[in-house]
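Just so it is clear, A, B, C and D label the chains in written order, and each chain counts residues from 1 on its own.
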Amino acid sequence: MDRTRLEAFSDGVFAVAITLLALDLTVAGPEGHGSLADQLHVKWPAFLAYLISFFMIGIIWVNHHALVRSIIKVDRTLLFLNLVLLLFVVLIPFSTATVADYFSRHDWGTQVAMMLYGGVFLGMSAGFGTMFEWTLHGQRVYQPLPPERHWPARVRFVGGGGVYVAAILIALFSDVASFVLIAAVAVYYIFERTPASAAPDDGEQPAP
Amino acid sequence: MDRTRLEAFSDGVFAVAITLLALDLTVAGPEGHGSLADQLHVKWPAFLAYLISFFMIGIIWVNHHALVRSIIKVDRTLLFLNLVLLLFVVLIPFSTATVADYFSRHDWGTQVAMMLYGGVFLGMSAGFGTMFEWTLHGQRVYQPLPPERHWPARVRFVGGGGVYVAAILIALFSDVASFVLIAAVAVYYIFERTPASAAPDDGEQPAP
Amino acid sequence: MDRTRLEAFSDGVFAVAITLLALDLTVAGPEGHGSLADQLHVKWPAFLAYLISFFMIGIIWVNHHALVRSIIKVDRTLLFLNLVLLLFVVLIPFSTATVADYFSRHDWGTQVAMMLYGGVFLGMSAGFGTMFEWTLHGQRVYQPLPPERHWPARVRFVGGGGVYVAAILIALFSDVASFVLIAAVAVYYIFERTPASAAPDDGEQPAP
Amino acid sequence: MDRTRLEAFSDGVFAVAITLLALDLTVAGPEGHGSLADQLHVKWPAFLAYLISFFMIGIIWVNHHALVRSIIKVDRTLLFLNLVLLLFVVLIPFSTATVADYFSRHDWGTQVAMMLYGGVFLGMSAGFGTMFEWTLHGQRVYQPLPPERHWPARVRFVGGGGVYVAAILIALFSDVASFVLIAAVAVYYIFERTPASAAPDDGEQPAP
C-alpha cells in the first residue's frame, strides 16, 4: 500500500478542517444587536482563535507531510494511527468555535473552553507523537534516526505535549494566560526551525 | 479509464464526510441552558457517536483503498457501484447527528434513530459488498480470488451485513444494546486483521 | 499546463458539492413537531431530491472525467469554461434544498422551486456542452471526432439541455410532472450507454 | 519536498472555499416572509456576490497553479507564505456572506461590509504577491524572470492591490461604486491575458 492515498485522504481532511474553521466567522446581520462595525469588533476573539487554529492546522500539515514522505511502506497500523491524528484535527473547528463563543466572558465557562481547546491540541500532539514513535521501530523509514537520538527526539515531543498540559492547567487560574501560551506555541512553531525540520532532506523526522 | 480519479473523487468524499461529522459537535454557547461543562457533559452521546462514525468511515476508507488498488480497469459500472457506496457514506453525518440528538431520551425516537444509524451502515456495507462481487467476475483484478474461495468471502461479507441487520432489529427492543453492538463492530474492525487485510499485497480483497 | 490540477480541483469541488447535499438532511430533533418517524416521513421529498441530485453530480463527474482525459493541452480558456461548469455544480445543493423545502406544498412556491432546480441543471448542461464544443476545434483532443459527427453530437447535447427546458416549462403547470421528468433524466443517464460513453477508450467524447 | 502535496492541499482548500460560498445561498423557506419568488428576488445581491467571489477564487486558483508549477523546490518558508494566502482565501465565504446580508441596506453597515470584502481580497492579493516576490530570489524557479523585469512585475502586482485599496476607500463614500469596482476587477482578470499568463510555458510568473 503506497503513500499516495494516505496523503490524498489526509490532505483532504486537513483542507476541509482548515476551511471549516471560518464557518464560525459569521455576524448576526442587520437584524442582530448593534452596527456591523460593533458586531465585528465584539467578534475579535473569534478572529484571533481562527488565526491561531489556522496556523496550528497548517503546522501539523507541514510536519505530517515531512513525516509521511520519509516512510517506506504504509501498513494497516499506520493507517489507524493516522486516523487517530485526524480525529483530533477534525475536532479543532469545534474547540475553536467554543473558545470564540466564551472568550469575552472570563468566567468558568471560558476556563472550560480553554481546557477543551488545549485538550484537542494535546490529543493532536499525542497522535502525531505516536506516528513518530512508529517510525522509530523496524525498517519503516528511508533514513532511520540513529538509536542514540531516539530519546532526545522523544523528549522534544513530550516537551511539546507538556506545553499543552501546562496550558490546560493554567486555564484553571487564568483563561487569558492559557490562551497566550497556546498562541505562543503557534508562533514558535512558525518561526522555529529545528535542526530536523530545517533539513528534511536528510530523512530526519520533523519536530512536533 | 484509470483508477486515479476514482480514488481522488472517493477520497474527497470520504474526507469531507468524516470532517462534517464534527459539525454536529456544537454547544449552545453562553446563551444556552447551563454551564459549558454541563453542556459538554450532556453532549456525551454526540461525542461517542462521532467517535464510532469516524472510525467506521476510516475503516471503509482503508478497505476501499485496498479494493480499488487491486482493480485492473475501471469501467462505467464500477463508477456507479462506487457512487452507491458513497451515497451511504455521505449519509453518515446525518444519521450520526440524529442518533446524537435522540440518544439520551431512550424512547421510541431513540429506537428509530438507531434503526436509521444501523440502516445507513447496512447500506454502506451492501454497497461495498456489491463492489467486491463485481471484482469476482471477469478479469478485473490483478490476482483474482480462486473460485473455491468466492463463497467463503461472500459469507463473510453477508455476515458483516447481518450484524447491522441484527442491530436494527435489536433497536426495536433496546437502543442501548443496538448501539453497543454497532460500537463493537467498529472496535472489531480496527483490531481484527483478517487474513485478506493482513496481506493486501497478495492482491486479495479486504474484509468488509 | 497539465490536466492533473484541473482534475484535482474539479474533483474536490464535485466531492464537496456531493457531500454538502446531505447537509439539508436534518430533522428538527426531539424539540420539533412530531415523533422522529413522522419527521423522517415528512422529509421524503428531501431524501428523493438528495438521491436525484447525488446521481446527477455523479453522472456529470463521470462525464467530466472522460472529457478531460481526452484533452491534450489545458489552456486558460478551458480553465474558465470549467469554472462556469463548476459554478452550476456548486449551486446544486442550494437548488436541491429549496425543492425539498417547498415540495410538499404543491403551490406556486413549489413551481418556482422546480424551475430553479431545472434551471441549475440546465446551466450545468450548457456549461458542459460548451466545454465539449471547445474540444471540437483545433488540435485539442487525442482522437478528434470526425467533422461529420460534430453536428449529431451537438444535437444530442442540445437535446439533453432541451429536456431541462421542458422540465422548467412543465413546472408552470405541474411541479410533480417536472420532478418526474428530471428524475427520469437521472435514471436514463445511469443506465443508458451511449456509443461514445460505452467506448471511452476510443478517445471519443462522452454523452451529455 | 516536492510540489505535489502543496498543490493537493491548496487545491483542497480552494475547492472547499469555493463550494462553501454557496452555503449562504439559502432561502427562509415556506415559513419565511413572502413567496419563494420574492425571497429569491430579494437575495439578488447574494447571487451577485456569489458570482464575483466564485470567479475571484477561480482566478487566484489559476494563477496559483501557474506560479507553483514554475517552482523548483518547495521549502518551509514557501509553505508558510502559501498558508498566509490560503488564510485569506478561506475568509472569502465569510466576507461574501456579510456583503450579501448588508448590501440592500445602503447604510453605514453596507460600507463596512464592502471594506471587509475589499480587505479580504487585498490580503489575498498581498499574500500572492509575497509568494511571487519569493520566486524572484535565489534559484527557485525553472526560468527566472530577468532582473530588469522584476520592477515592472512588482509594479503590476502593487497596482492590482492598489485597486482593492481604492475600493476600500471608495466604500467610505459609496458602497455601490466600491462593489462595481471589485466586480470590474473580476471581469478584467477573466478576459485579460497578460503577456505572462498568456505564455505560461515560457516559465514566467502569472499576473496577480
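Note that in this section a residue touches a chain if its C-beta (ideal position, glycine included) is under 8 Å from a C-beta of that chain, and two chains touch if they have at least 3 such contacts.
Because the structure is a prediction, the values reported are computed rather than measured.
Trainee: Have a look at where subunit A meets subunit D and say same if over half of the interface residue numbers show up on both copies, different if under half do.
Mentor: Different: when the shared numbers are divided by all numbers used, the fraction is under half.
Trainee: Measuring between Cα centroids, which chain is at the maximum distance from subunit D?
Mentor: B
Trainee: Centroid of subunit B to centroid of subunit C, CA atoms only: how many Å?
Mentor: Averaging C-alpha atoms per chain gives centres 27 Å apart.
Trainee: So the centre of each chain is just the mean of its C-alpha atoms; given that, what is the distance between subunit A and subunit C in Å?
Mentor: 38
Trainee: Listing for subunit D: what residues touch at least two other chains?
Mentor: In subunit D, residues 8, 11-12, 15-16, 20, 23 touch at least two other chains, as defined above.
Trainee: Report the residues of subunit C in contact with subunit B in the complex, numbered from low to high.
Mentor: By the definition above, subunit C touches subunit B via 7-8, 11-12, 14-16, 18-23, 25-27, 29-30, 35-37, 40, 51, 54-55, 58, 61-62, 65-66, 69, 190, 193, 197-198, 200-201.
Trainee: So in the complex, the part of subunit C that touches subunit D is made up of which residues?
Mentor: Checking each residue of subunit C against subunit D gives 1, 5, 8-9, 11-13, 15-17, 20, 23, 76, 79-80, 83, 86-87, 90-91, 93-94, 97-98, 101-102, 105, 108-109, 112-113, 116.
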